[in-house]
Structures are given as C-alpha cells and as structure tokens.
Amino acid sequence: MKEKIGVYICQCGSNISDYIDVNRVRDRIKDCPGVGLAKITMFACSDSAQKEMIEDIRGEKLDGLVVASCSPKLHLATFKSVALRAGLNPYNYVQVNIREQGSWAHSDRPADATDKAIRMIEAGIARVHLARPLEPIRISTVNSVAVIGAGIAGLRAARELADMGSRVYLIEKDHYVGGRTAQWTDLHDTEKSGEEIISDLYAEIDRREDITLLTGATVKGMSGSVGNYEMEVELRPRYIRPEAVEERLAEMMERCPVSVEDDFNYALTSRKAVYAKYGTARPPGPMVDRAALEKESAFLAEYSDCIDLEQKPEIKKFKIGATILSTGFDPYLPPAGEYGYGEVEGVITLPQLKRLAALHAGGSLSHKGKKIQNLVFIYCVGSCQSEGENKYCSRFCCTAACATSLALKNKHAVRQIYHLYRQVRTYGKYEVLFDEALNQRDIFIKFDETDPPRVEEKEGKVYVTVRDLLTDGEELEIEPDLVVLITGMVPSSGRARVAEVFKAPLGRDSFFNEVHPKLRPVETVIDGVFISGACQGPKNISESVQSALSAASKANAMVSRGEMELEPTLAEVNPEICLWCGECESVCPFDSVQKVVREDKEVARINQATCKGCGICTPVCPRDAIDLIGYGNAEMESMIDALIKRGEDHAG
Amino acid sequence: MKEQERSPKMIHDVLVIGGGIAGEEASLNLAHMGFTVLLVEKDYSIGGKMIHLSKVFPTLDCSACISTPKMSETSRHPNIKIMTYSEAREIKKSKGLFEGKILKKPRYVDEDSCTGCQLCEEVCPVVVPDQYQYNLVGRKAVYIPFSVALPKLAALDIDSCIRCGACEKACPAGSIDFSQEPEEIPFQVKAIILATGYNLFDARKKADYHFGQFKNVIHAMQMERQLVPTRPYNNVLRPGDGRIPDNIAYVLCTGSRDKSVGNPICSQVCCMYSIKQAQLVMGALPMADVTIYYIDIRSFGKGFEEFYQQTASMGVEFVKGKIAQIEEKENGNLILHYEDIENGGKPVTAEHDMVVLAVGLTANSGITAEFINQEIALDPFDYIKPKDRIVNPALTSAEGVFAAGTATGPMDIPDTILSAGDASAEAASYIRRLE
Amino acid sequence: MHDRQGQGPPRILVFSTDKISDPAIDLAGLLKLHYPPTIYTVIVPCSSGVKPRWIMHALARGFDGVFIAADGTDCPYSPACTEHTGKVVGRTHEIMKNHNINPSRLRMAAICSVCSEAFVRQMKKFHADLAEMQNKTGEENQE
Amino acid sequence: MKINPQFSLDIKKYGGMDLNACFNCGSCTAICPLSTAESSFPRKMVRASVLGLEDKINCSLDPWLCFYCGECSETCPKEADPGGLMMALRRYLTSLYDWTGLSKKFYTSHAWEFGAIALVSLLVITLFALFLPPTADPTGLLNQEGGVKINSFVEGMEGEQFVGIIDIGDWVMGGIISLFLLSNIFNMFRKVLWRDKNLKIPLYLYLQEAWNLFFHFATQISFSKCRDKGYWVFHWLLMSGYTLMFTCIVILLPWFQTEKVHPFFHPQRLIGYYATFGILLATVLWSVQRLKKSQEKHRYSHITDWLFLILLFLTALTGILVHLFRINGMIYPTYYTYVVHMAILVPMLVIEVPFSKWTHLAYRPVAIYLHHLKNSALELAQKQQK
C-alpha cells in the first residue's frame, strides 16, 4: 500500500472545470486514505505543471501519482515521463479520464459528472495503491521496414527509409509499381508526367541493394511484435519464362489472340491478354493474364518458349521492425444511373477523362468516335453525400478538375468547359488554378445537393439541365459532347484485407485511422504499424508524399536504434497454484505459454519476449492461477469497490 | 549552458529556424533519429501561433493540450538545444556545411537565475498593449510573455521601459540586467530547416471593414484569445463596451482570395477556424446567434466536412455572400452589407453586435535574405517555393535547406505536422547521404 | 447483497478495451453524445481477458449491470476474440443463474474504435432495461 | 435557358474585359450605392454576361441605373471590373437599341468611328469652303463695337440670312438627331417593357411617372448617391452647360449668334461663359483623371470615351476662341476658327448624340422613367391581386 499519493486534477483550461466542480472533487479526494496531496491545475500537461509535479514528487516524497485529466491515449506517456524524471517508477502512476468520459460525456449533467469524477479518481487511487514498480522490457529491433503498396507514397517512403539507413521491403500487390500516379498524365505541379515520375523513382529503387521490391505480392500474415515482426508474402508469377527472348516476347504480345478490357485505361480501351500495364511500366517486361489465355492452347503451344503457365506462387518470409501502409485509394465508381453513368453514352469519370487525354496526347479529344469540344464537369460525385455513405470531402477533386480543364484547353483544343459545382475548394495556392480556369472563360454553375443536375439523352445527344444558384435559381440547359463526373476517393478495395492482417483500425470514413490527427497523424494504435498517403484519407500527390516521408521518419526513428522498450504488463503464472491443464496454452494467440517443470510439477510459463499482455489466458484458467500484471484480482476488485462504494454520498 | 554559449562555435547536425509546431515536430523527429538540433526562435517562447489558439478543429481538443507537451518534450530532449529570442544571421554554405551566426537579442533578464516568480511584473508601472493577447488587454514592460510560455522567464521590453528601476529592486534573484548586449554566436550545421511560419493578414488593409476604427470589429485571433481558458476577460465580450455579444458575424476571406488587397490565394484555414469558433461561441454563449458569411466553405480535410455539417445543424447560420463593407451604429452595433446571392441576389444589410474578421495568412519568409551565397526561391506570394513539389516537397532551391509548415504556404495544423515530418525525413536522409 | 437494488438510477460497469472500444467511448464524449453518468468504465487490454469473478464481484457490490464492450473482429490480439469473450460471458451467465441473478444484467456487444453512437445506443437501452428490472423487483417486493 | 459563352467575347469588343474572372461573391452589388432590391446590380449583369443570357441583358435597365462611380471595381476581389462591364453593357445596349446598326459599327470599329467623324467634318469644311474666302473688303466685317460680324463672312449674304440658313440647318440636324434618338428610345422601350406581355401598364401611369424623366434629367440626382460627390457636381456642370448651349445653338441660334457683341452681363454672354466653363472644366478634369488612371472608373477608357471628351473639349475650346477672336476684332482667325469649330461640333452632334456615348443623355433619364414605371405597374398588379 502506498502512503503518499499525489493527485492532480486538471481543469484542462475549462474543458473539465466548466462541468465538473473541481474544488468539490479535490475536497473529497484529499482525505482519501493514502493521499498525500491533492491539487488542481489549469493544464496538467503544460511544462510548468510538469515541473511542479516533479518538485512535489521529490519534495514531498510521493510514492504514487494520479492525474485526473483527459484520455490516457493522449497523455499517458507524458505523465509517465514526469514520474520517470522525478525518480518515481512510472508504473506507480495512473491516469484517470475525467474529460472524454467525464465532463464531455456528461456536460448535460454537471453534478452527476462531478460525482462520477470522484468515483473514477478514487478507483484510480485504489489502483495506484496496489501498483507494482516495473521495469520496461528491452528488446532488440530489426532495422528494416516493410512498405505496403508501391504507389507514389510507398515508393517515396521506401527511398527515404533506405536513405536514412533502414532496410526496406517494398511490397506491391500489382505486378507493376506506380499505383494511381502512373495513370495521371498532366500534373500541374511539374512538367513531368506521372509515368515519368514513377519511372525515375523506380530506377533509383532498382539500383539500391537495401530495397527489395516485391511485385505481384500479397501479404499473407504478420506475426511477432513491434521491432521483430515476421512477415509472410506470397508472390504471384507473371507466367513469363525468365529466359524468353525479347523479340519473341514482342511478337507474342502482338499476336496474342485474346483481348480484354484495359483497367489501366478504366475500360476505355482493350488490351491483349499478354501485356505490360503501359508502355514504360516498371519492373519492365510483359505478363500473362492467365484466366483470359488459359484456353488458347494453340497460341500457348506456339509460344511455349515465352509462356509458362506452370509457374507457381512463391512464399517469402522476412523480418521487419515496423511497417508502413500506403495502400492508396480507389476512384469512386458511380453506380449505374448516377448522373447517367453507365446508361447515357458520353458520361465518364474524371480518371477516365485523364486516360482519354493521355490516349489523345497532343491532339483533339474524341470518345466513341465523337469529337469532344464541349464538356460538362459535375463535381462532388461520391463525396460530401449528406445522405449517402461518403460524408467526407475528397479534397483533391476541385483542384484536379480545374487543372484538368486548363490542360484540356491548352493541349487538346477543347472549346468550352462547364463546371457544375457545390463549393469550389481549390484551397491555398490552388486558388490560382480556379482563377486561371475562370479566366479561360470556363463557366462555373453552382447547384444545390438536393436539386442536382439532370443528365438526359435525347435523340442521341446528351443534355444537362441544372438550376444555377448564382442566377436566381435559373434553369440552364447545356448540350455537351461529354459529361465528366468529378469522382472522389474511396478507400482502396484491398484495405479491408490489409486491415485484417495488420489489425489497423478504420475510421468513420472507412479510411485507415490515425491515433490523433495532430499528435500522431501517421501512427495507428498498433505499435509499429504506420499509415501514409491516401489510405489514411483523400490527399493529392504532394500531400501523400509528405505523409509518406513523415511516416518514414517515424518508422526509422523507431527501428534504427537497434533496441526499444516494451511494456512490462505481461501475463504471470502463479506456479504454486498452477497444475498445468493447458487451457491457457490453447487460447494464447502468440504461442507464449510453455509447459515447464518446476519443483517436480508441470506448470505453465509465459515467454516474456512474445507475450503481448492481452490477458486472454487469464479467465480460462480453472484455478485462477494466471494474472496480467496490473490487472490482478486485487486491483480490479478494489477499483470496482471504489466505483460503487459510498453510493449515496456523492449522489445529486 | 552558459559555457556552451561562450564556446567559439555551436556545432550541430541541423539548424531549425522557428519554434512553432512545425519547428518542434521537425526537431523532435530529428532528435529521435539521433541527430543534434539547434532550434532558434525569434520570440521569447517557443510554441509559435498554435499555443495561442483555443481548441483546434475538427476534433476540438484544446490546442494547449497538444502544444505544451510537445514544447516540453522539445525543451527536454538532450539532442535539442533551444535558443529563444534569437535570430539566425549571415548564413553561408562552404564545403557542404552551413555556417553563420545566431544573434541572441538581450532579454534584460538573466535566464539562469530568473525563476518566473512575476514579482517584477507586479511592480512595473508601465502598461502597454499585450501582443500575446493581440492587444485586447495590457501588459507590463517587464513581464512573463504568457502563462504557458517556455522558457517561463521574465522578459524586459526595453522600448516601453521607463527605467524606473522598480523591477530591479523587486527581483529577489537579482535577475534584471540592463547591461545585456546583443550577442553573436557562430554556428555550423549540415542542414537547415526553415519553419518560420506565417503572418496574420493585417485587417486594416481592407479599409471597408474599418478594423482598428470600429471597436467591435475584431480579428479571429482576438476572438481565439477570448475563447481560451486563460482568456483576458474570462468571457467573450465586445471590446467596445464590455457587453456580452448575442449576435456575432464572421466575415470570411478577410484578406484572402482578394486581389484588391494583394493576396489572391486562399488561406486554407479560415473557413475551418471560423466554423470551430462558431461552435465554441455557441458553447460559451448559448443564447448567441452566429452567422458566417462566406464565398465557398472549404472544409476539405479529414473530418472537416462532417464538422461543418455538424456546426450547421447546431444552428450556426451560413450565408453565401462576401461582406462588402461594414458601418458602425451609434450603439456600437455594426451594419454589414452583402448580396444575398442564393435568395434572389438582393443587396441587403444585417445588424450584428460584434464582427469577427476571419483574417488570412501571409508569407513570413524574410529569413531567406540571410542566406549569403545561396538563393532560396520564393513563389509569387512570397512563400518559400518547393523545388520539386511532387517528389521532394520540403526541398528548397538550395541543397541542404528544407522548409516545413506554413513557411511554404498556408496550411492547417495536421498538414503542418506532416510537412514537418517530411522536412525532417528529407533533412535526415540528406545528412546520411553526406556521410 | 443487493442493497442498492431499486434505489436511484441503475449503475453499470463497463469493461472497455484499451485499443478498440475505449477510444469509441472517448469519441462519444468528444462528440458530446450523452449517456447516463452512472456508467463507469474499467479498461482492460482485451475483452477476452475479463474474468467472471470480476463481474460477479461488481454485481455483488451493487452494480446493476455489467457491459463488456468487446473488441469483436477488430481485436488486435486474436482473430478468435469474439469467441473467447463469448465464452467468458457464457460461463458468467451460468454462474449468475446458479446465484439466482438475472443473466440479462450482463451484456456484451462488439464496439469498434469509432462505434461511439452504437455504444451510446447500447448504454441507453441497457440503462432503461435495468431501470425496468428495478421497478419490477420493487413492485414484487411491495407485494 | 441556353448558355452562350461566346457572349463574353462579344462584350469584350465593347470594353468589358475581365468579367470572366468573377466568382460571384456579390461584394460589387453590396457596395453599390445605387443597387436596390428591385434592381440589384452589377453582379447579376456580370453573371448574365458570363453565361451569355442575352434575353436577360437586352431587356434590362440596370446598366443605365449605374452611374459608374467605380466602387464595385475597386472592391472586387477578383479585379473583374464590374463597373467597366456595366459601361460596356451600356455601349452594347446603345448598339442594340440603334436600329440603323451604326452604333455597333462605331463602338466596335475604330475605322468606322474615326471615318464617320472625319467624313462629317470634311462635309462641313467643304460646305464652308464653297463660300470662302469671305469678302475681300474687311471693313464691313467689324461691327460698331469693333468686334467681328460673325455671320457676315459669306459674300453677298446678310448676317441674318446666314444665321437663318445655319438655323435651318441646325433644326434639320436637330430633327434628324431627334428622329434617330427617339426611334432608338422607342426601341429601348419596346425591349424593356413591351416584351413583357404580362406587364399591364395603364396609361395614367405613364403620365404619373413622367416627372421622373424631367426631374432626373435636370438634377442627375442618382449621381449624388455615389461616394464621390464632386463627380456629380462636375457632371452636372457639364450637363447643364451642354444643354444650355445645345438649346442656344440649335433652337435659339438667331438670338445667340448675333452680329452685335452684347455687353458682358448680357444673358447671351453669361450663358455662353457658363456653358463653356462647365464643359471645359469637366472635360479637362476628366481627361487628366483618365490619363492618371487614379480612380477606378478612369482606369479603362474605351476609345469612344476619349473621342467624346476630346470632341467636347475641342468644341468648347474652339467656341471660346471664336468668341475671343471675335470680340477682339480678329477677322480671319474668327472665321477660320468658326469653320474648325463647326467641323468639330457637327460630327460631335450627329455621331455622338444619336449613336455613341452621348446617347446616355437620353437613355439614362428614360431608363429611370421606365424603371419607375415598371415598378409602379408591378406594385399596382400586386395590389390588384390582393
């Protein structure tokens, strides 16, 4: 039992004290058994408050610390470090969350919130009373990082990590790198095309020995713990014989009898079943669309020197210290009928338009044989849906639409572009692009979400009618050659599986969720799993790269020192009681329970290096012989007692 | 500490200029990676603009709760040396290294002995407008800059000091030192990160809004100060007469997207901070009406649109129309002129008892003039221009010099953190490549 | 043993998990989604680690209900978490029956890390149900 | 409604250069002292021009209700120059009302504008040249006060006879100008009010609202609402001087252009001095401002703005020179300058008044009249509905 516990009640500015009567709380707490000091502070996390705590701990010789403030997710580490600096074992410290689960949750009932805060702090005190001083477990870390996804974010993160001295495994599910950036030709920030940027980055990565690029690769599993993960990856073959002669390959590709929709061009064109994703796709060389070609036995026989359908997937395993997810996004795919998509000919999406422009490099546009001179852009397709699933704004699309419009007019002899928008969000310096689009006489028409434009086909022509909020709600009619839906970003289809393998949580918008947008924007709640680029939320290329490099610096800082500290809150077996039944071993997800013989008795023992402290083993023990350190029966039950006791005292 | 300052040259891996959130984040990242950092801040305290904010969008957690631990961690880290009230001068590159001087301006208070007890502040007879409270209230000539300043030491503002000597007598530690002179300390680093942040748009430039003339027209930072826990009036008040306002207007795009005042670009944060303040005002003054006058609402970041919709559903009114001019009534109320574009497009007026100008951001890139043999290119709006925005977003036109945060353009805090992370990564790999 | 039964609003003990359901409860506070203030959380690493004896202890000491905010499929530790937590609940239900305690005073639901609305809904429902149970017991006692 | 993006290109020819930059913030309309709920401008006109909604523009009176103080353009965050667009729309509408098509030619083609002026000038000079040089004996050309007999420079023609001929010419010219102008005004009326078949205007309203026409013509009171009150004063000086002078030379020529030099305080001379002073002052001032481009409304000058100012200025200047030469008995300078004066005055009147910038002297008050008429009719209809 502790004798002198310091309790600090944070007002959090007014976040807590507006609803919780902190003076009342202090008055209740200060006389609790074992409490040596109870103070109210404006910002417990501020430097001056931290200094004060340190002085108190040293001066008053406190043996326990309770900080009642915000969620421990924010500041557990902050106050642990306070304890450490003051010479108090950090495990003698408990943070009580009276903000998120106190003042904020019950701002409608301040008196009850105050009562709840008192009980929660008393529970915290009860816990500190029983706390054991612990030392962190030091483990060695592998200075290598897996980067999942080789789009622009993944490629950049990989190069930077290698530059900073980490070994990198760059894992791409596709057979070629580049992701969405390769599909994007005109980038208003640079003279280079997306393809060129990807080729340049590939060349840099290709010549580095400390980066292993695995394409056609799927992560099958990840085991181990932060600093020492083991990753298992399956590599799918390209079905091309490595020894095949280049001329033969070229000939084969040309003579391939089967064509399928080309998804690189979003089905605007078709491609052969033996193909490279695009002309300069990297890593170079063709691949075989097995499903499409399987039945063409004559062709397969003729080119048996090139094609080998017998190639088998290969499994690779390697050790990593941390991983960065950069699995990107998918363009929103409108359901058939949304603004005539899939029903009216001449309705395409923005990514399709970009490919269309790429296919007509330097010339005038045409779509399905029709010359394109007048286009209607409809904004916010799949974004900002107040009724639909995607409540969020996709961020990049307004700017992309304006930039595309400029490129179309400059390079593709387009005559007129109409932008049907809700709010123009060319934020920051991108406003210049909006300005330029206006000045090239683009017409911007503002519509209301509840009264969207109508796209109709009459006698083979497309008509768009829209009610313009800027012209007294006048109904305007346009007869464009092409309607382009400015589609937003949705999380990539593969992210659910990735989330499953890495346990990375998804947010309300289904993108990967960061711990905190400002404190830890590229970290997830899973130690050693970072997120970067558009898999965390819509971003343009430059922003994706910034977040990728940010994640790279965090990952490198985590693994490059060769060792790190782990939480010592692990499971613990009481060998006196244990009679080895194996129940705990059967439920442990990490194979951390071993049978050992101790004093002629078979008992269970926990492997400290692999135990993650989940506690799944604790309830299954028929003799109640396993506890999680810090979550023992005494601690839990004394906390429960504190929460319920003196029921009438605080009420009202 | 003193000894190190007297040493002929401070040698570190990286010089980070600017101790706001971007500079702190970049410094910490580098320190965690094992590099040594010299962090130079021109003001008395690190923390930049963010430390003065109330709560931050879209999560509404308090800004101080995010800033102060970061400030504290930065100041504690053994790899980081902080110099406040200092400026980098005459930066030259020779043989792949950057050399220059740090000008340490006199604080007139001895940093080692001052305990921040504020006794000097109590006795000082001079009162001048407090720049940290955006002139809403006064401060003394010798003062602790603000309550969560770091270092929390007194500073003496020699320009307003009348040299009465009262503080000297009152200081128990004898820390007041009028004899301090500017000091120049040479430094040598391998890379430089510019994190000099931004300036607030000077609202007086938009003459039709009469900021500075009409008492109840304030700018958003002044409102921000009225909403923080350490707020000067302990409530939201009209500066004109100290009344609690009940009908507040937000004028968006004050000094942004406006060629008539020389800033054609969007400031990226004003829509969101206004929406956030509207929510906070609704909390602080439940009876008050809040109206936001906008051109376009730019809630583009993660969770922003949802935050905007939530605010609208709380009853904050959003009106499309830019405020053209503001007039003052005798009772201090304000008449706002705008065109009600979405309802017939009529020129209308609205009366509010307080107006908050959502001022934009402007560039603060004066530091580039201190580079002697390197040119740091600027964009047309005077922000530091990235050399290669797509592939190396933090790299400036000078090799080894990187930019983080709002030094490169307007951006919000989450973007700033990412940008700072990027700058630290690029600087780290640049140094590793040097080695 | 059940000295508090029938007095004041029902009290609920929630076992939340550090990485999954507790963030959701935090988020509920952040979004000012109100729920009854007589709901208290105790954080555990994983919902599969809750011991039946703790639940019984809480009920014995006067909690009207216990709620396990489970990790479900989001569990960072075990893909079988739902199953494990389910077993804990099942076993506890058995013990409750043996002690003549209404098993519906223990509930479990998976609360993902952003399922704050679901959490508040669950809490309001549970709270109302427990209040109804109290009334019934009260009436029975009166008879 | 169909959009016509080409319209904004067309309007560029009339001087509307930057309208496409507009992002519809509405600050122009909000700052405009003349914009009202019934007729809100200039943003709506900018919007209609960008979209090319000609139906909306062609029937609109709003451009005429704008007095171009320039505040809208000064405050415009996109520098889209809404004031300049309103000016351009006035030129466009002038062309639209003008059934001869000449206005359009003058506004959109330098060749036509300069050509027409030169042609009329030449015609005038030729006419006079037929009679020049004046009589060989200069003795009879001075009156008893020692001044030049202005009307006696045609040999063998009495002064009164000469004035009579010129007077008839003036009446004919005035008649022709009026014919064009009135028919154009009728055209304006047709486009603005007739087009709207739902609008029923009882006859008495026409009479009831007629005072607006004269009141606004005489006072230009709308101008006084602009921030810069000085502009109104100068404009009024110019306008009143011009109107007096026009009346004197077209209607009262025999009284005005006498052989006898009247004493200084004679109304004829006072009116002449007042008018010349007003015209000279305003034209010089505005020319300087247009050159300095210090004020928004003077930043972008269309060629027709300059021609108008220059012709007016030169007319007044030559007029005053004729007068000075005359009272000082300088015979030949008087006559030659008179010819030059006429060679400037006549094209100024026949080109500018019915077809170009000067048309606004008629369109503005008529527009205000029609505006009031329309509003009264709408009010009436509303009352009747109730």
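To keep things simple, chains are lettered A, B, C and D as they appear, and every chain counts its residues starting from 1.
Going forward, a contact is a pair of C-beta atoms (placed from the backbone, for glycine too) under 8 Å apart; a residue touches a chain by one contact, two chains touch by 3 or more.
All values reported here derive from a predicted model rather than from experimental measurement.
Colleague: When A-B is set beside B-D, which has more C-beta pairs in contact?
Modeller: A-B
Colleague: Work out per-chain C-alpha centres and flag the one nearest the whole-protein C-alpha centre.
Modeller: The most central chain, going by mean C-alpha position, is B.
Colleague: Whole-Å distance, chain A centre to chain B centre, using C-alpha means?
Modeller: Taking the mean C-alpha position of each chain, the two centres sit 29 Å apart.
Colleague: If you average the CA atoms of chain B and of chain D, how many Å lie between those two points?
Modeller: Each chain's C-alpha centroid was found; their separation is 56 Å.
Colleague: Using Cα averages as centroids, what's the distance between chain A and chain D in whole Å?
Modeller: About 69 Å, centre to centre.
Colleague: How big is the gap, in whole Å, between where the Cα atoms of chain C centre and where those of chain D centre?
Modeller: 86
Colleague: Of all residues in chain C, which are in touch with two or more distinct other chains?
Modeller: 30
Colleague: At which residue positions does chain D touch at least two other chains?
Modeller: Counting only residues that touch two or more other chains, chain D contributes 23-24, 44, 78.
Colleague: Which chain B residues sit where two or more other chains touch them?
Modeller: 59, 61, 257, 320, 341, 344-345 - these are the residues of chain B that touch more than one other chain.
Colleague: In their complex, what parts of chain A are in touch with chain D?
Modeller: Interface residues on the chain A side: 416, 418, 424, 434-435, 438-441, 443-444, 446, 468, 470-472, 474-478.
Colleague: For chain A, which residues count as touching chain B in their complex?
Modeller: For chain A paired with chain B, touching residues are 11-15, 42-43, 45-48, 50, 70, 74-75, 78, 81, 85, 152, 156, 160, 163-165, 187, 189-190, 192, 197, 200-201, 384, 386, 391-393, 395, 398, 423-432, 435, 469-470, 472, 507-509, 511, 516-519, 521-522, 536-538, 541-543, 545-547, 549-554, 556-557, 560-561.
Colleague: If you look only at chain A, which of its residues touch chain C in the complex?
Modeller: Per the stated touch rule, the residues are 71-73, 97, 99-102, 104-109, 112-113, 115-116, 119-120, 123, 503, 505-508, 513, 525-526, 569, 587, 589-590, 612-620, 624, 628, 631, 633, 636-637, 639-641, 643-645, 647, 651.
Colleague: Which residues of chain D touch chain B in their complex?
Modeller: The contact residues of chain D facing chain B are 23-32, 35-37, 40, 43-44, 74-79.
Colleague: Using the touch definition from the top, list the residues of chain D that touch chain A in their complex.
Modeller: Going by the criterion above, the answer is residues 1-3, 5, 8-9, 20-24, 44, 47-48, 50-51, 53, 78.
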